[in-house]
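Presented below are the structures under discussion, each in the form of structure tokens.
Across the two complexes that follow, subunit A remains constant while its partner is subunit B and subsequently subunit C.
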Partner chain A sequence: MTAQQAGERDATSAPGGDAAADPLLSVRNLQTHFFSREGVVKAVDGVSFDIKPGEILGIAGESGCGKSVTSQSILRILPRNGKIVGGEILFNNGDRTVDLATEEADGRVLRDIRGKEIAMIFQEPMTSFSPVHTIGDQIIETIRIHQDVSKEEARDQAVEMLRRVGMPNPVRNIEEYTFNLSGGMRQRAMVALSLSCRPKLLIADEPTTAVDVTIQAQMLELLRDIQADLGMAIIMITHDLGVIAELTDRVMIMYLGKEVEHGTVEDVFHRPQHPYTRGLLASIPKMEPGRVEIEPIEGVVPSPYAMPTGCKFHTRCPEYIAGVCEKRDPPLTAVGPGHEVSCYLYGGREELE
Partner chain B sequence: MSGAGGVGQMEDRAIISVRNLVKYFPIETGFLRRQVGVVKAVDDVNFDLNEGETLALVGESGCGKTTTSHCIIQAQRPTAGHVLFRIGDSAPMDLTQMEKAELKAARRNIRMIYQDPYSSLNPRMTLLQIIGEPLVIHKMVESQEALRNKVAELLRLVRLDPSTMNRYPHAFSGGQRQRIAIARALSLSPKVVIADEAVSALDVSVQAQILNLLKELQNQLGLTYLFVAHNLAVVKYEADRVAVMYAGKIVEIGETEELYTNPRHPYTEALISAAPNPDPDTKNRARIVLAGEVADPGNLPPGCAFHPRCRYAEDRCRREIPQLVEVGGEEGPSHRAACHFASELELAGISGGAEEPERERA
Partner chain C sequence: MLIYILRRVIVMIPVTILISVIGFIIIQAPPGDFVSSYIAGLEAQGDIIEPELIDSLRARYGLGEPVYVQYWRWVSNFVEGDLGYSMIYREPVVDIIAQRLPSSFTISLLSLILVFVIGIPIGILSATKQYSLADYTFTVIGFLGVATPNFLLALVGLWLLFSWTGTVSIGLYSPEMQNAPFGLAKFLDLLSHIWLPALIVGTAGTAELIRTMRANLLDELPKQYVTVARARGVKPTKLLYKYPLRIAINPVISTVGWLLPVLVEGEVLVSLVLGLPTIAPVLLDSLMQQDMFLATSIIMILGILTLVGTLLSDILLAIVDPRIRGAV
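And now, the complex of A and B:
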């Protein structure tokens, strides 16, 4: 199992060597906007990415960059005033490909996919659970909605899943309510619930943000093990670049609804090209011996109601080119195999003329 | 013991000395609020905060780091123990023995900054009112004009535009609000600032701005910081010395670089190992993943509170509570740890991590 997984990792991290598999999910030019009295917020403004079976993709950025809205768009669980206004979310569901962006949010197709093919875990485990039902009942219900199995079989599967996520006493835990469990155990139960139907894709939205560092380490180890075991793809959404570096194969960095850089985690962390990525990496204190200075990114994130024109980062960019960056959105430019950047430093200026 | 008993206990460089600090909360139940137990939030904590330094209190939720800071400024009255405070060459004062009026004067010199600048600033007050309020309460300004001048000066100090002083907090971003909170904390020219998770709620690019601002202000104004935090990388950057807390006790205290490269308590080792590092090369490093969760301060295990999660635990750890003792050797700065086996164990610090993948590849 581990050898197979290692093979998959190699395939995805080797430049250009990942052409074999068709993408499991292909997001094309996704635009998700929010409509409120103050105006329109372009929370996600033309984002594209692919994820292959068994791959771990990270989506990183600071608050307001659109990383969580991207994941809510995929599962069509956006808040009421949020709407997908353009783009495609193509999900390869075995025999056919469906566009999740155009399906009814509460229609048959999405209800079949949500929880079964694509599952999600959240920052706060209580978001996933009802407090008035036992953990077991909720997992069994999820299994029986999506699979034609008896109650006893579903129960066995639930116990097995709780065991896999490292619950200390699955047969007893299945009868428990979430309030009986400690924070770390709730997180494990949430992972068990999300994986109970063996999804092809797991979306993890800041699952380690609210927990202590030793519990975070347990959670990351669990995700690594369970991914090696079950082989599903994972989209890890977080603001914590440490978590990205520890877990993911590829990473997409977002800023104000736009993709700014995208590549293997090694390329993006060791050879960051976009000034925002470089700034972000330079601003994190490091766990390294000796004195390592940090350099903040100047200025503040602009208000979503008063977005800058052109490149969204130009107001804070140390390499801002007057007369260029504020004109139009920079196009994505390849700077290496599988490594793309949207910045006029690397190309696209000729189109402005 | 009265305040006078503490006079001889302060070290030369100390501005605040915490001595045998204890804070217990009763666990009550039922209609009659019968006491059925006690939460030992802070249990016999001792340390000195030296003038001009940044001392970090680190640990996971429930370890007692915030309660310790609250007991220092007497926002919560400790169950037992002393907090000695001294300005310059004057005689030390014991904050735990003070009446309200005396405390008010002492608190001018010890100010706090909180984690969430969205809830710590009153949304109905302008910056002028927020930052000026302590000055008015302590009657530090004579006129409205003097107040405006002082607030303008404070805003410039934290790199905000003084012309914004009539605006309300909602007009500012998280990082700017934290600057406002810092300006308010500094309005009375305090000697000590307690920053309780002051950068935890901020995005990393803004967090870096605030960390650097705090350092600049420290150099400029000669401030002493008690920096309460859970993020070890942030603490590494900001602090001169670090005290690691677990279940209400300090388990290790020493100079930052020494403590990170040469930890002497297994809990410190595990914390350092668990901290995610933004470097994919260390992805495959051997991590110490602690089993279980933080000890419940309402129901502590016997002996060393860390023993159920400690991979080095032996029989003695289950019976005997280890004392915080010097482990740094005769010369050099003090380094203390509370572990029976501190001198025998070979624990890994931050230097080890990066080299391992190289060896694996070879």
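And now, the complex of A and C:
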């Protein structure tokens, strides 16, 4: 599927993706910093986005851009030295809206949301399960944490979920350990684990990074099927723009903890505005006849302890405007309906004067 | 599982034989034999030894014969339960061991329990509260525990107990209970004495276990399956006990086997200081005085204990870790 098609699907068939619906999750100016002896790393430094029920949002960027930290912040499963220092994470939990950013990290409210309302898929399926417990044990455990059902009933649900994700022999697979399963089966088991309570939002953090391309393709197909089936919203976090084009409705591009551009997949991929987005798209190898030169982005990612001032990308930007870009963070500027860019090329300069 | 156990048991047979050969050779290695040292001892006391006695002793134990014949004779007797005769104690070896092994065993077992009961929770605390005041405190205590010799601890323990309570805790029973029939009163008396040696013998083991537990748990805690469980809504306590602890404890289980003989060894000096009727001082005596049958028997028994302990560890490990079950 091309970006073009993905864009069309957004307009026509995304379930619940209409503009009128209230956002399921609304992240406002999120700031997550890591504190260590070497200093403070501003892993996420003012990120905002909304996701509506049933929508698929992609978050893309290089390693270290803060996309995974964003997802860990939502579920409050940050490493010990990571802290949310500002912003809101408003989750519409049916009858009331909770701010996940200010709730107690392992408190009742978050524990009830984790796994039930918001679930997460992680990068490596092998290590997502405890090696000394069966996959069934862990799926049944999740179901019984969140639902008041008997062991047998939870087991039936688990078997059903394993069947739904395409495990070949769910009744037997439920008794198996991860080391008995193939890579593809592990992926499916992991999806079954995260979907066991039918969450409203699924966060997939690089689920296709550690697997080979055939399993990656299966995974994307599975996610698409399951999404059509259960109708949950998905946040797809990846550095792979191909995956974004395949799966998502909208995309947000991040660079060094900042949002640089967001919009529909069609807008961002076909009409990229930010020099960083353009650079990213130009650096993808293409499968066209003849050799097309890949154009990598110049320079290197700055050290997290010595962040550039102003626009974080100005040290590598081919369209750097001296005396402007390093002054202050460029504000988000609308360049089209639902398409915003954080770059002085498109506005915001008047505020500097 | 049954095949796994059976295979382990079969492997134990050649190892047992090897232990017996090595034990026997080492005991035989010093020049002379126990008869000559026995006679030397008696003559030093001014006794006159009849040559017939010497000859009959030598003949009885086949001391004039080649080593392999002696070995074979000893092994055949050993298998039949005749462990020979101790020259220093002038008693059959079986009787000495039967008297001493139970107290050794009780102290070791109690030490082992104390090691676990104290070491595991502190190890967990140290890992979950890494770099906290508690962690640093237990680290210092732990290193002191490893570095302080047992006999010194025993002396300090004796002194402290005396200065606080005025009683001298020597032996396993109070003098008036020494010959009493075993009952509740005697058992309580035993408990009031045994905790000190058990604690002292277990100190080094506890300190080591704290470090091992801490390191293992620190390895497991940041693993992805823990984060995934957290992201599923698992409670923090269960997050610790059900998953990482279960895996962190595996190496501990696999060391239970060889902890037992280590504890018996650790008893030697403590037993001497505290006057305990354990097997350890007997082993020391028998080695110094070339009491061949006694020494070899004790070494054999310790060797077999190690093997049985290892077998138990292996079985336990296979029960708790499916990866090991899967590999056999």
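We adopt the following convention: the second predicted complex is superposed on the first by the 330 of 353 C-alpha atoms of A that agree within 3 Å, B and C clash if a C-alpha of one lies under 4 Å from a C-alpha of the other, contacts with A are read in each partner's own complex, and residues count from 1 in each chain.
Assume contacts are C-beta pairs under 8 Å (C-beta built on N, C-alpha and C of every residue); 3 or more make two chains touch, one makes a residue touch a chain.
Just so you know, these numbers come straight off a predicted model, no measurement behind them.
Overlay done on subunit A, so just call it for subunit B and subunit C: clash or fit.
fit
For A:P23, using the defined touch cut-off, is the partner it touches subunit B, subunit C, both, or neither? Pick first, second, both or neither.
A:P23 sits against neither subunit B nor subunit C.
So, A:V265: does it touch subunit B (first), subunit C (second), both, or neither?
first
With both complexes overlaid on chain A, does A:E62 touch subunit B (first), subunit C (second), both or neither?
Touch status of A:E62: first partner only.
Between subunit B (first) and subunit C (second), which does A:F129 come into contact with in this model arrangement: first, second, both, or neither?
In the superposition, A:F129 touches subunit C alone.
Contacts for A:H146 in the overlay, against subunit B (first) and subunit C (second): which applies, first, second, both or neither?
The second partner, subunit C, only.
Decide which partner touches more residues of subunit A, taking subunit B and subunit C as the two options.
B
How far apart, in whole Å, are the nearest Cα atoms of subunit B and subunit C in the superposition?
Least C-alpha distance: 8 Å.
After overlaying the two complexes on chain A, where does the subunit B footprint on subunit A coincide with the subunit C footprint?
none
Per the contact definition, I'd like the list of subunit A residues that touch subunit B in the complex.
Interface residues on the subunit A side: 62-63, 182-184, 212-218, 220-221, 239-246, 265-266, 269-270, 279-281, 283-290, 292, 294-298, 300-301.
Any idea which subunit A residues touch subunit C in the complex?
Residues of subunit A touching subunit C: 75, 77, 79, 106, 111-116, 119-120, 122-124, 127-134, 138, 141-142, 145-146, 177, 179-180, 193-194.
Going by the contact rule set out above, which residues of subunit C touch subunit A in the complex?
Residues 222-225, 227-236, 242-243, 246-247, 320-323, 326 of subunit C touch subunit A in their complex.
Looking at the complex, which residues from subunit B come into contact with subunit A?
It comes out as residues 60-61, 173-176, 203-209, 211-212, 230-234, 236-238, 257, 260-261, 270-283, 287, 289-291, 293-294, 349-351, 353-354.
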